[in-house]
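The structure follows.
Letters are used for the chains, namely A, B, C, D and E, taken in the order the chains are written, and counting of residues starts over at 1 for each.
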Amino acid sequence: MMQKEALLPEIGVITDIRIDTPDVKTFRVVTPDGKKPFLHVPGQCAMLSIPGVGEALFSITSSPTNTEFLEFSIKKCGCVTSFLHSIEPGQYVTIRGPYGNGFPVESAFLGKDLLFVAGGIGLAPLRSVINYCRHYRDKYGKIDIVYGSRSMQDLVDYREIIDEWCKEEGINVHLTIDREQPEWSGHVGFVPNFVKELGFDTGKTAVLCGPPIMIKFTLAGLQEIGFQKDQIYTTLEMRMKCGIGKCGRCNLGDKFICKDGPVFRFDQLEELPDEY
Amino acid sequence: MQQVIRDKALSLLEAGKVDRVLAWKEGEFFYDQTPHVFKTAEEINRSLVYNGFSAANLSKYLVKETLKDGMIAVFLKPCDTYSFSQLLKEHRIPREKVWAVGIPCDGKLDIDRIRKAGLRGITSIREDGDRLSVSTIYGEKTVAKSDALAERCENCKSRKHIVYDELIGSEGEALDSGRFDAVEALEKMSPEERFAFWQKELSRCIRCNACRNACPACTCEKCVFDNPASGIESKAPASSFEEQNFHIIRAFHVVGRCTDCGECSRVCPQSIPLHLINRKFIKDINEFYGTYQAGENPDERAPLTNFDKDDMEPADAFRKGE
Amino acid sequence: MQRIGVFVCWCGSNIAATVDVKAVAEALGKEPGVVFFEDYQYMCSEEGQNKIKNAIKDYALTGAVICSCSPRMHENTFRKAAAAAGINSFMVEIANIREQCSWIHKDKVSATEKAIVLGRAAIAKLHLNAPLTAGESPVVKRALVIGGGIAGIQTALDIADAGFEVDIVEKKPTIGGKMSQIDKTFPTLDCAACILTPKMVDVAQSEKIRIFAYSEVEAVKGFVGNFNVSIRKKARYVDEVKCTGCGLCTEKCPQKKVPNDFNLGLDQKRAIYIPFAQAVPKIATIDADYCTMLKTGKCGVCSKVCTAGAIDYKQKDTVLEEQYGAIVVATGFNPIELTKYDEFAYSQSPDVITSLEFERITNAAGPTGGTLLRPSDGTHPHKIVFVQCVGSREDGNGCGKTYCSKICCMYTAKHAMLTREKYPDTEVYVFYIDVRTPGKNFDEFYRRAVEEYGVHYIKGMVGKVSPENGKLMVRASDLIEGKQLLIDADLVVLAAAIEPDKSARPLATMLTASMDTNDFFTEAHPKLRPVESPTAGIFLSGCCQGPKDIPETVAQASACAAKVIGLLNKDKLTCNACVAHPDEMLCNGCSTCEKVCPYGAITYESKEFRMPDRTTRIRRVASVNPAVCQGCGACTVACPSGAMDLHGFSNRQIMAEVDAICK
Amino acid sequence: MQIEEKFEPTIVAFCCNWCSYAGADLSGTNRLQYPANVKIIRVPCSCRVNPMFILRAFQRGADGVILCGCHPGDCHYTTGNYYARRRMTLLFSMLDFLGIERERTRLEWVSAAEGAKFAATMNDFVETVTRLGKNRRLEDLRCNK
Amino acid sequence: MKKIALQNLPKLFSAISESKALYLPVDTESGAEFRLYREGDTLSEACNTNRSAKDFFFPQVEDMAEFKVEGKKIEVLDIRRESEEFVIFGARACDVKSFEILDSVFLADPVDTYYKNRREHVTVISLACNFPEETCFCSTFGIDAASPAGDVAAWIIDEELYMTALTEKGEAFLSAHAALLSDADESKVDKKKEEIAEICHRLPLQNLPVEHFKAEKLMEHFNDPKWAELSQSCIGCGTCTFVCPTCQCFDIRDFDTGNGIQRYRCWDSCMYSDFTQMAAAQPRLTQLERFRQRFMHKLVYHPANHEGTYGCVGCGRCLAKCPISMNIAKVIKEIGGEK
């Protein structure tokens, strides 16, 4: 799975750039000979870089079941991401990975009803696992997706959600936006409250991803309605340089996010310093 | 003197004049003191020390400490008061939040010089007049204090306190030191020799940033070397140029602000004589633009923010050296 | 990543003959970010500009690099073209491949290589360009003229005539300046008062002009369009409104022994005085140094005789705060102190006088009523020696000035001629180094003095003047005849060099306006912007900029007024876009930048910041006034933390150019 | 015998916009020759030149750096060149102190009217630096491949 | 057990350096430093070199790759040259132990091939410490200054150097130079070991209360209020990190050479404020968190991940070099419970 040299990157070619929201674009990456760079598990990450600009770790947003390419949904916020947002298809990048543990799709998730809760760009890491579960639909129970963003325009993958997820049986998609918008007929309100309002069956396994404040309140909300911490997963983000647990940056206590994470269960996180 | 300082610290704290006291805290051995903010009388009685190894210049800590509420008392040796005064001039410390106590200093000791004299396993040191009694794992030794004096103290520029609220002991005078002798000796070398000298010295640099972080003039919110937007961000001595560049820019940024307190050389883990670079600038300023001592006069314009229509040209500066 | 277009100009054969323009365009086309390249005969032509505009639109360019002549030639042309095509005009960079490449090199290979490097540097810089917009600031529609001599008067009148309000600040009790002390003017010999006083009256009567006489500028803050000026009105001890200028008090005042400065101390005035009959404003002023009442509290004669009740011994200085859009400096000149020239015995004999004193002695309103009499004994002088260049045109090592005072040759000719005309029995000698008469009808005038009036012009130096038995023995050399002369003169008149008024230096500091080593104000450009100071909004009128005669002064005064009118006519000023700007999060508040700013554009303010450690802190940070900043960049280098940077010439831009060049 | 290739130094010239850059233009207008090794960077004023730029040039492979500004007293911004003079005097002296050849740095005052002086200065500087040879003491080997 | 007279060491050194690069600690004006053997160099007696021996495998700056960029295209060049075989002669017990700790990080899967390449090419000749310093506390971590690990262990006793092979590589080394060595019996070495042990007993820091640090008390240590006080004097430089033989944090950076992009890694320090700085967040906001991270890593996190092995070898370099004399010994005493 992993490339043979952990620290020496390989070349990737950006073949397609999709504009998702005003500050999120999704990049499709293949090898120069048009193949998928490597195999991965949902929730894993990869290091993308533009030489001279920098290297950064991104969640792989495409599903492992996609055999043609990798996709990354990237929000413009720093040096590397700004540069990526300014490029055009055909641009070479370097890529190395995959890194991290990924979601336990072949163990803990098997046979479970799944509840995905995402806010903003937090959908990016979940898209991979959601599509994986959709692909192996019979391995999992009911799937609920709660997704919210600042506005309708800030909903990542909106087309895919509407055209595919919403139409699939056994998947319930609950969308919300923070403030009223004339063209929006759906729910309005913050994600944590929406989750409480929806009031899920406590037998589900939940996965949270989004801004820290959303995570904090959603976690509290889920616990309020009866979820235990060992039922709730999240995926974390931190500054990384190596991606293989050596450069010393991304540890929470004795756990390295790049190696032991980025997917953690909340009961595990409870045992660790909250330096994230 | 240690007792006098402890008593002063206690009385300031007890009288409610200050909330905290910045001084030196004793370490495992005689020489490894740590700057410390004392908050209780008990702490002061237990571990506030002042002796030949109370070397750290405490003035820079005030930048951070005065962001907190309340008054802080600080003990400043004469050369530390120059740094303090310079920081006040640059608006880095609110004067009203500091109670500065000037304390006397007859030169600080350099443990590395004692070690270099061949003493190993030093467990304690006693000051006996002008001699030091050193206990080591391998036996007792004595060393002349003058042989253990730090370079900066051998060439002490001043025993005068520039700014303080109260003074312990009597006021000293600015001294006529030979602090530029080493610079002069280098100037007399050929460029090749100078280059070889600095290559040898600077190639040892590990870019630990101790010189920068200890320097009381380096109080930038964010150093240009840490700032990716500066265009010269760098973290490692990746080439001989990076070594030269870091030290030239570092020294250039403190031209006219460096009080020559010598902390840079004191803290360098690789014993690079960094103060020589700063002193070269000071010497040049004194020779080209008239004597200027940073930190001495808060109203004086610094040499780089000042000019004279008849200043010398760079080419004349070279000729002057010949 | 920018989308850059590269445009290489042939400039006919000016560039193309030595630089392979096609090769340059192609090489630059390979640089990162370059999506379009083209070469053309004349990029600055309309067709060339259209090519740029079209490429910007067709290829969605974000910036353009033009390899052409010097940016000093066509930067603006290309910026306008870019703006017309819809991108910010500052997204254009010029590679100077003509003046700094094709014209100085002969070898086509190396010239082409260099052109490519220069192009690369421009591209590297452009990658870091950001759109810039020049700020705007409103203009206060009122001007301040400092100095009420003929220069100030003329400037004020012209500005007022254009419909703008003007204030004149004059430190003396009346406007009029040096011209009011002069008798006749060269080369027409018309009476100075006759042509000046009507202008003074015009000033007094103009609704647009306020005169703050007996006042001085105390502080200047602000910047072009928005100056805040503090004006100190000195106490006259006379109510300006009530005083009718009847002059009764000046006749009754018992204190008669006050040196009359208007007559240069040649006679005396009273402690309450009006400088001269046509003074504007015609208001009495008490000289506090001599007034018995003010000194001892006993007297009060003036108060008793004043029917208007205008005398107010308790009057105090007042400070006015006024706003102006433009400031005109018209501080004028003075003859130099002659104490250092004792070889001419100025301090030893009252009969050695300066030319200005000579003016007063021959003036009908002067101490002698216009009769030429010796100050020592009131007798008529029969032999007068004029000495030119006293303190002018010295070698710089002496005590005098290195420059030519410009007006002395002509007024000396005038004095000599007038003397010979009125007193044909008087012998007149003029000692000169050169006689300089460049000016309309000037040389004719001088020749008349020599040819028609028989003035003895002697090329030579006066070595010494010694008072002996009521005579002044003048020892001199005649360089043409090659002999020593000894003249027993009755009167010696020294053409003293003129220098800027002493008030100019502190004023320049207040205005942050630059001066030369002689304390003359520096003009923004010696040829093309002669009536402006480099400091925006400060204008120069008259002798404060350099020695001038009256016609020149008036011409400059009007030119200066035209510039002021041009400024005041604008509602808003467009500021320089390439200004310094601090990164507040990096700023230490150390004040270093403030100290090197020649324009006072940097101030400090305490602001609350949310710090990276999530605390809030009040920090002292620099703030640049973009309306004042001229973009020199002194602050950017002075700043130790690199917080200060310059738009258009940022640290990273310049370093990118360095990198590209050294590659 | 092997014929050595003539050493062609890289020279960076920082020129202030108002005097020296115009002086350089004038030298072009008058067709006064100087070697193509000299590449000019336009800055608003000599006081805009940060020591960082000069060190950077040497790092990146420059063999000589010259800074040109208005004559003292003639600065477009009144005082900029006075500050530049002090900064460069100290910087150049420091480089000399560290053993860097002093002839590699120069500060010259060139007015807008001194096209001839500009060309002459550049000719002289290029010749001086060529004689010194490649900058070895303040180079970054990474940049010299 | 083999031995060689000290006066014959130069012969041994020349012999080694004929086939391999030989590095040994040499006294310089500014203290002892490892350096490539040059004729005339003698083995330093100093306990610690200024810089630790980690440089051999984890140099401060290491080029990783080069990229050529043209237009949108990028080419990756692996610029590594295979490391040459080399010998470290005279590494102390603490430094040798540090290699083991570094191995546990760099050689853990996924392997850091840059490190591995260098590591595989070394033969380590360790040297027992005859004169431990007051700053030494290796015994705290179970390291015996008298019996250093490595491929060959060596002792200086009187005028002779005793050597014994500990690994196959060591055997090969000794046999390769057998001509210069003579057989020796172990009794003298045993006696020396006792002597050293006796000195170690007298060291003031030999028994720091490190056993109080336990992985299961991770959060308790993390939340210890004493961190605030301990960290307040820290000036946030990287001295302790850079002289530390086990600190292994690094940064990966790009340098634009003008002809391409060079990617290199360099030492970094968790003490630096920008170490974990992200575009929008900073998980370790103040020096307290950074300071705590460094010591928690060495005393709690590392043992938790590596079967109880502490991330410190007690060499004492940080004690000698810290500008403000705040160090791991003080931290262990404060947090570890004593005092």
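Assume contacts are C-beta pairs under 8 Å (C-beta built on N, C-alpha and C of every residue); 3 or more make two chains touch, one makes a residue touch a chain.
Remember, predicted model here, so these are calculated numbers, not experimental data.
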Chains contacting each of chain B and chain E, listed by label: C, D
Most distant chain from chain A, judged by the mean position of its C-alpha atoms: C
Remotest chain, chain E as reference, centres from CA atoms: C
Between C-E and A-C, the pair joined by more C-beta contacts: C-E
Intercentroid distance (Cα basis), chain E paired with chain A, Å: 39
Centre-to-centre distance between chain D and chain C (centres being mean Cα positions), rounded to whole Å: 34
Rounded Å distance between chain A and chain B, as computed from the means of their C-alpha atoms: 51
Chain B and chain C, separation of their C-alpha mean positions in angstrom: 49
Residues of chain B whose C-beta touches two or more other chains: 224, 231-232, 238, 304-306, 309
Multi-chain contact sites of chain D, meaning residues that touch two or more partners: 51-52, 56, 60-61, 73, 79, 83, 87, 142-143
Multi-chain contact sites of chain A, meaning residues that touch two or more partners: 79, 87
Chain-chain contacts as defined at top: A-C, A-E, B-C, B-D, B-E, C-D, C-E, D-E
Complex contacts: residues of chain A adjacent to chain C: 83, 86-87
Chain D residues touching chain B - in the complex, by the definition given at the top: 51-52, 55-56, 58-59, 72-73, 79, 82-83, 85-102, 105-107, 137-142
Chain E residues touching chain D - in the complex, by the definition given at the top: 255, 257-260, 262
Of all residues in chain D, those that touch chain E in their complex: 60-61, 142-143, 145
Chain D partner contacts - residues on chain C that touch it in the complex: 70-72, 96, 98-101, 103-107, 110-111, 113-114, 117-118, 121, 512, 514, 516-517, 522, 534-535, 578, 596, 598, 630-634, 636-638, 646, 649, 651, 654-655, 657-659, 661-663
